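Presented sequentially are two complexes of chain A, the first with chain B as partner and the second with chain C.
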Partner chain A sequence: MNGRDRVADRRLLRRELRAARTGPAVVVAAALLVAALAAVAGSFWIADASGASAIRNGATIVRTAWGESSWRAAAAVAAGIVGIALIVLAFTPGRRRRHGRAADRVGLVVDDGLLADAAARAVAERCMLPAAQVSATVTARRVQVRIRPTSGVLVDPAGASDAAQRALERLGFEVRPVVTVATTGVVG
Partner chain B sequence: MNGGATPIAETVQRGRTTLTGRALHGLAVGIVAGASGAEPREISLRWDDANGGLHATVTLPLVLRDATGGTLEEQGAALRMSLVAGMAERAGRHVDGVDLRFSGVRRGNTRRVR
Partner chain C sequence: MTSSSRILNRAVLLVAGLLALAGGLLAARPFLPEGFVTTWWRPVQRAIADALSAVSSWQLPWGASDGARIAAASAGLVIAVAMIAFLTTRRRRRTRTMLAFADGTGTTSVDETIADAVLTDPLRRRGDVLSSRIKGYRIRGRTALHLSVVPRSGADLSALLAETERAVAGWDALSGTRAPVVVHFADRAGFDRLRSPTRAW
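This part shows the complex of A and B:
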């Protein structure tokens, strides 16, 4: 595999792991376009106050609308909502609920839910528990395994953690899971 | 104490043995009946979870079998021990506590003749 392929693979992997930002980009572009058009129209109007009647009519409509406080409030609320949404999108990592890795010949993208299932199943097998008593959550950097023990049967958290780690390593992801054992068990 | 539930390291086992709540109940009633001499239908038993351990609440009649049965305290302690040991041995369950309540007295070896 040459360097260009590797870069392309990495880009593909990144695209699979991150959420697309097409929507916000379109909103920003539209807002910028409107602002630019308004600036052009405004400059025409300032340059020649008795100029194009269409621009003057538009300016009059805008001014009368702006005069009403309800319109101003509505515009402020809309701008605020869009602004907050854009700020949130800018600061959040925007990752999809997937894990990926680039191997020598193939790139691998796995849903977090699948990794969680694999970890939970391995722990249930290792601790000899019904699958319903083990649940796992996979986030960007953490794998959390929660065990509800069977009453009267001791659970080995270190062994459970090892089992989950081995299951994830088999899939090619090296994460150290965090295992928590609930204080109350299930009778049966 | 959890002999039945300890996995054998690194051996691949297909399938699993599970005990239902009813099975645990039946097993415990059998152990108590065997140890006390009471009839299984005279024994009422409830399993609860106590911070991950098993806790039993048992109500049964006191069966007077012979004069060498020991004090009530001793009989209760022996019964509790036999339930704890029996559950560990048969089901691999660690029993944290047993509450015992004698709800009556019954002479042993009495049988109703029809």
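This part shows the complex of A and C:
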């Protein structure tokens, strides 16, 4: 594999981990297309007497609404909200709930839910607890494992953390999990 | 997995967002403090008046026409063409031809079903896999493979990855090429969440 292919593969992997923003961009483009076609149609239609009168009536309605402060305020708020939402969509990375890495031959992408399952199962086995008493959450930079111990049975948080870490390392993801043990247990 | 430009998606969102904010600011002008408005409203008014006076003098060579109409129609046409070009390039460029060899006698194409048999069948036969599928995409002149695997609850993901890499090595040997491959271990969705962690044979 040459350097160019390696860069392309890394790019491919990155695309799997980030949202493309195609959906919102298509909605915006479709709205702009409709507005542009309406402008073209309107500019031809206005040459016709009936078209000119219809467009004049429409313009009067818009001008009247524009003059009323309640309508104008509503339009300003709506446009402001839409504008801010679109700018946020344009600039935020749009992380998908996945982790990825380049393996020797393939690019590997694993959903966060599966990583959480793997970490929770490893901790449950290590602490000899039923799976229902261990839960895990995986986010971009954190793995949080919560243990609800059996009453009267001690749980080793360091051992649990090691078990979760090893489970994730087997897949090539190096994250140090944070383990919290509930102060109240369940009757075993 | 798509080959279309993602920067363009974000550029369209940014331009539309700025236009919406400008519209919102224009609508909110009477409610804003006088000192804040005077700094920019006069130049904006002057720019709009200059633009209107400039386009009103436009004439079509074959007959009298309103300059504003010509400007609106031209701008609308340009934006419409740009948006159609944008919308038609947003689709994913899927391909069912995973490989193609050309020589003097002709071209041999390898269909998706062959890749499916080599790459996903060994995974599908495993007890800890709910489903697996392969899709091909054309990206920058190459065919990239996206292998999606949905494991059962409690599946050993590292063993599954090893099996997947063996299948990909088999595909490399068969095809004689090294196509980019993305393996996606996907979480169970919808009714798959309710399925048993073990398969009944």
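One rule holds for everything that comes next: the second predicted complex is superposed on the first by the 139 of 188 C-alpha atoms of A that agree within 3 Å, B and C clash if a C-alpha of one lies under 4 Å from a C-alpha of the other, contacts with A are read in each partner's own complex, and residues count from 1 in each chain.
Basically, a contact is a pair of C-beta atoms (placed from the backbone, for glycine too) under 8 Å apart; a residue touches a chain by one contact, two chains touch by 3 or more.
Everything numeric here is computed off the predicted structure, so don't read it as measured data.
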- Which partner does A:Leu37 reach: the first (chain B), the second (chain C), both, or neither? second
- Message: Applying the document's definition of touch, where does A:Ser70 land relative to chain B and chain C: first, second, both, or neither?
- Response: neither
- Message: Applying the document's definition of touch, where does A:Thr184 land relative to chain B and chain C: first, second, both, or neither?
- Response: first
- Query: Is A:Arg126 contacted by the first partner chain B, the second partner chain C, both or neither?
  - Reply: first
- Task: Give the label of whichever partner, chain B or chain C, reaches more residues of chain A.
- Result: C
- Is A:Ala103 touching the first partner chain B, the second partner chain C, both, or neither of them? second
- Task: Provide the residue numbers of chain A that touch chain B in the complex, in ascending order.
- Result: 126-128, 130, 149-155, 159, 181-188
- Please name which positions on chain B make contact with chain A in the complex. 1-2, 5, 7, 16, 18-21, 24, 47-54, 87, 92-96
- Note on the structure: Given the complex, residues on chain A that touch chain C span 1, 5, 8-9, 12-13, 15-16, 18, 20-22, 24-26, 28-33, 35-40, 42-44, 46-47, 66, 69, 72-73, 75-80, 82-87, 89-91, 98, 103-114, 117-118, 121, 170-171
- Item | Residues of chain C touching chain A in the complex | 1-2, 4, 6, 8-14, 16-25, 27-28, 30-31, 66, 69-70, 72-73, 75-80, 83-84, 86-87, 90, 139-140, 142, 144, 147, 151, 153-154, 157-158, 161, 164-165, 168-169, 172, 178, 180-187
